[in-house]
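In C-alpha cells below, several structures.
After this come two complexes, each holding chain A, first together with chain B and then together with chain C.
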Partner chain A sequence: MIRRRHVLAGGLAIPFVAKGQTKARVVVVGGGFGGATAARFLRQYDPTLDVTLLEPNHTFIACPFSNMVVAGERELAAQRFGYDAVRSDGINLVRAIAMSVDPAARTVSASNGASLSYDRLIVSPGIDIVWGGLPGYDEAAASKMPHAWKAGEQTLLLRQQLREMPDGGVVVMSVPPNPYRCPPGPYERASLIAWYLKTHKPKSKILVLDAKDVFSKQKLFQNAWKRLYPDTLEWVSLSDGGNVTRVDPATRTFETDFGSHPADVGIVVPPQRAGAIAATAGVADRSGWCPIDPVTFESRLVPGIHVIGDAAIAGAMPKSAFAANAQGKVCAAAVAALLRGEKPQEPRLINTCYSLAAPDYGFSVAGVYRPVNGVLTDIEGAGGTSPLDAPDSQRMQEAQYGDRWFATITAEVFG
Partner chain B sequence: MVRVLVNVPKQIAANAPFDVKVLISHPMESGQRRDQLGQAIPRDIINHFICTLDGETVLDADFFPAIAANPFLSFSVVAEKSGTLALTFTDDHGVTQTELVAITVT
Partner chain C sequence: MRVEAGLGLVMLLAAAAPPPGASSCSGCHGSASPIAGHDAKQMTEALIAFRSGAQPSTVMGRIAKGFDADELGAISAWWAAQK
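Let's look at the complex of A and B:
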C-alpha cells in the first residue's frame, strides 16, 4: 500500500492521490474568526475538498466591540453570528466538541461519538482561561468577578454589575502579563467603562492594575485618558506596584505586592493559554501556546496539524480577530497546496486593530508581517499607528472605520 | 529621589521569618545600549543595596547591569522585637537614598 502521508524534506507532502477515496479530507476545529475563515477559504481554493467544521455552538459571539456591550452602547445580539452561510458553502458542520486527536491514525474524536478522519487538520480553538493561574481566581470566582474575555454570558454579567453599582463605586480591573487575547483590549475596556461612569455615575472611578509597563497603543490611550477621563480612570503600571498577585472573590479584593484594593465591581483579565484541544492534541508547548511554521501554520510539534488564531505563537502578530482571519486564509491556501503536492507560497499577513477610547473616539494600529528565519516578523516601515495629534474629527472617523471593519469581517466570515 | 515601594506585614511574630518586598523605580541603564546617533548611553544603575534592622545588616547586595529596570526585591527577615528597617541603595552617580520602615513585632 502506498503511504500518502510521508513528508518530504522541505515540508512538501506527496500529492493526494485518490485511492479508494475520492476527496482529500480536511477537518477544522473551532468556528471562530480563524476556523470559519479557514473552512470557507479551503472550499474556495479547492472546491473538491471534503471540509468538516467542528463547532459546538449554534451561534458565534464575537469579542471585537463587546466592550461596547459592557458600556451599554451596543446589544449582544449585534455580536452574534450563525453558521448558515458556512453550511451553504458545502462544509459539513458538526455540532460537537473535539475531544481528542490521534495524529498517527489521523482521526479526531468528537463529543457526539463521531470519529472524523482527516488528511490535514486545522485547529483554531481560541483561548482557555488558566483557572488558578492568578491565585484565588477559579471558575466559581468568575461569577463574582467577571473576566468577560470570552464574549457572551460574562459580557452581560459585567454590564449588569456596572449598572447595579451605586454612583461613587470603584471598579478595579487587573491585567495580566503578555501574551493574551487582544493586547489593547483591557485598555479599550477601561476607557469605555470610564466613559460609562463619567456619563452615568460621575462620582465613580476605575482603577487598572497592570502587570506590564508598556502596552499596545499606549500613548494614544494615555492621551485620550488625560483628555477624557482625568478624574475617572487611574492606571497603575508594574513598576508602580500594579502587579496583582491574588484576588479574593468573596470581598472582591485585589492584592498586589504593595497593597490591597477592594472593588465594587472587580474585573479580572485572567492568564490564558490555547484552547484545551491544543494541549490534548499535543500541539501546545510548555508555554500553553502552539509553535507553528509561519508559511503553512503547520504545528512544529505534530505533523499534519495546523494551528491558527489566538492559540498559535505567531511571532509579531497579535492575538486578534483580524490576525485569525488572515491566518485562516493563509493556512487554507497552504493546506490546499500541500494536498495537491504543491509548494505553499511564502505569505504576507496583515493585521489592523481599531480601539475605542469613547464611542466616537477611535484609533488604530496596522502591521504587515512576513516569515523571517521561521518567525512572523513585522515588516519595518509598513503599517503604523494613528497620529498622536489628530483632531477629534479624525478620531470620530476612525471610530466609524472600526464599525465598518467589523461589518466587513463578519460578513466575510459568517455572511 | 527615586520612587520606592516597600511592603512588610502589619503583624509580625517574634523569631518567625517575614517577607520584605521592595520595588525601586529605576531605569537600570546597562551601559550596553547606543542612542540613535550611535553614542553609547552611559551606565546608570543602582549598584549597591543594603538592608539593616536597628543597625544590624540583614541583606547586603551588589547589583550588576544584568538586573532589569525597576528592580523588585523580596527577601525574608527574622526579628526578635519591634524596630526599624533601613533600606539604603546607591547609584552610579554615588547618590544614596534611604527608606525607613517601622516593623511591629508581637
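Let's look at the complex of A and C:
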C-alpha cells in the first residue's frame, strides 16, 4: 500500500509513512536551549526520525548566570557547552548558518551551500539586536557600550570595562520596553553590578534608565535594592524620565527627554527581534517576533514551520531558557505526532526562572500555561513569585536552587 | 498475571508520550533520579501536598497549583515508569 504525503493549510498532515529506507525528516535551526532540546527530544520520542540541527557555533555560551561572570563571580568557562552529546543522539549536526527557507519546496539553504530538505522545520534562532533601533546604538557602538545580551565576547568586554573603571565611576544601563529576552535579566545585572561596586568600588554608582514603569519580580528586586544597595543603585522609571531616546557611544552618554547621563561604563540592553532567519522564512510578523499555534508551535504565517524559544510570541510564557527548553520538548512531541498522522496532545507548559539580587540572595518566578483561545495563558491560581517576606535562609536556598537548575538544564540540553 | 499486567502497564507508560506538563519537569529535575523511577503514589501525594501547602516549598507549590489531582497522578505515573 502506497500513501502519499500531503500537507493541508493549517499544517494538518496526513502521515508520512516510511517506504523502505525513507524516514521523515525534521530540520532544526538553532542549537540553543530551544533548538538543541527539540532536536534531542525528536530523536527520543521517535528514533526513526531523521533529524538535522543547523548551528554555526562549535560551542554554545549560555546567557543564564552570565551576569555572575560580569560581576566577576564566575568564569565564562562555566557557561560553555559543546555538541558531542547532540551528535551522539544520532542528530546530523551541520555547522552553518541558515540563509533562507523555501516553504513550498520544503528546503533550508545553508551558508555552506547545502540544501536541507524537511518534512517539518523547527526554527529556534533566538534574538537578533535591532541595530539603530535605539538611535546611536549601531553595531560599532557595542564595543564601546556593551549589551552582553548574547553571551560570550560581550560578557567579557563588560566585565573588563567594570574592572577598569576607577572607584567613584558611574555605570549607566538602559532597559528597553517589552518584549525582550529575559524580562528580569537587566535587574539581576543591575543588582550584581551594584554588589560588585559596593564590594570593590564603594564610591561608585549604577543608574538604571528604564523605558518601563513595571518589570518582572519588581517588588522583590526593589526591596532587595533598598536593603542591600541604598547608596549604590538608582532605578529611574519611564514615568520619572527613564526612557532613553538616544546614546552617544563616543562619550558613553545616554539621552532622555529630560537630560543627559554620561557614563564611565555604559550598558545598553537593546531593542531586539527574532533571529534573522525568522523574517527571511516569513514566520515573523511586523513586530519582529513569530506568532505560533499554542499546541504545536507551528507558525501561524507559514505551514510546516514551527518556532520556539525567544523568537516565538508565546503568550504569557516569558522569553527564558527554561521556557525554550519546555517548548522544545512540547514541540518535538507535537511534530513527532503530526508526522505519524496523530493529533498532538493539548499541552501544559511550565516556566521557572531564578534571579539573583546578590550572589547568595535569590528568588524565583514560576508559571503554568495552557492554550486558551489560541494563546498560551497563565493557569489561574498557579505560578507567581517568591514571597516578599521570605527569610534570608530562603533567599540563600533559592540562590542554590538556581545554581542546581543551571546544572540540570544544561545537562539535559548538552550533556 | 497481575504482576505481568503491572509490568506491561509500566512498559506502556515508559514508551508513552509524556502527559501534559510532565516534559517540563526535567528542566529543573533532570530526566534521571530522583523523579524518574520514583514511586508514583508517593510522588502524587507529595505533589498534592505541595499544592495545598501542607508541604512547604519554594516553587513546587506554585507549580503544582497548575494541575488537578488527576493530572498530577498522570505526571507521577509517567515519571515512575521512566528509567
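FYI, the second predicted complex is superposed on the first by the 401 of 415 C-alpha atoms of A that agree within 3 Å, B and C clash if a C-alpha of one lies under 4 Å from a C-alpha of the other, contacts with A are read in each partner's own complex, and residues count from 1 in each chain.
Methods note: contacts are C-beta pairs under 8 Å (C-beta built on N, C-alpha and C of every residue); 3 or more make two chains touch, one makes a residue touch a chain.
Please read these numbers as outputs of a predicted model, since none were measured by experiment.
Visitor: After lining up the shared chain so the two structures overlap, which partner does A:Asp167 touch, if you call chain B first and chain C second: first, second, both or neither?
Guide: So A:Asp167 meets neither chain B nor chain C here.
Visitor: After lining up the shared chain so the two structures overlap, which partner does A:Asp84 touch, if you call chain B first and chain C second: first, second, both or neither?
Guide: Neither partner.
Visitor: Looking at the overlay, what does A:Gln397 touch: chain B (first), chain C (second), both, or neither?
Guide: The answer is second: A:Gln397 touches chain C but not chain B.
Visitor: Compare chain B and chain C by how many residues of chain A each one touches, and report the one with more.
Guide: More residues of chain A are touched by C.
Visitor: With the two structures laid over each other on chain A, which partner does A:Gly241 touch: chain B (first), chain C (second), both, or neither?
Guide: A:Gly241 sits against chain B, while chain C stays out of touch.
Visitor: In the superposed arrangement, which partner chain does A:Ser364 touch: chain B (first), chain C (second), both, or neither?
Guide: second
Visitor: Which residues would you name on chain A as touching chain B in one complex and chain C in the other?
Guide: Shared contact residues on chain A (touching chain B in one complex, chain C in the other): none at all.
Visitor: Once bound in the complex, which stretches of chain B touch chain A?
Guide: 3, 5-7, 21, 23, 25, 69-70, 72, 74
Visitor: What does chain A use to touch chain B in their complex?
Guide: Against chain B, chain A makes touches at 213, 238-241, 257-259.
Visitor: Help me check something: in the complex, which residues belonging to chain C touch chain A?
Guide: That would be residues 17-21, 23-31, 58-59, 62-67, 71 of chain C.
Visitor: In the complex of these two chains, what residues of chain A are touching chain C?
Guide: Spelled out, the residues of chain A in touch with chain C are 41, 45, 322, 325-326, 329-330, 333, 337, 345-350, 352, 364, 366-368, 370, 379, 381-384, 386, 394, 397-398, 401, 404-405, 408-409, 411-412.
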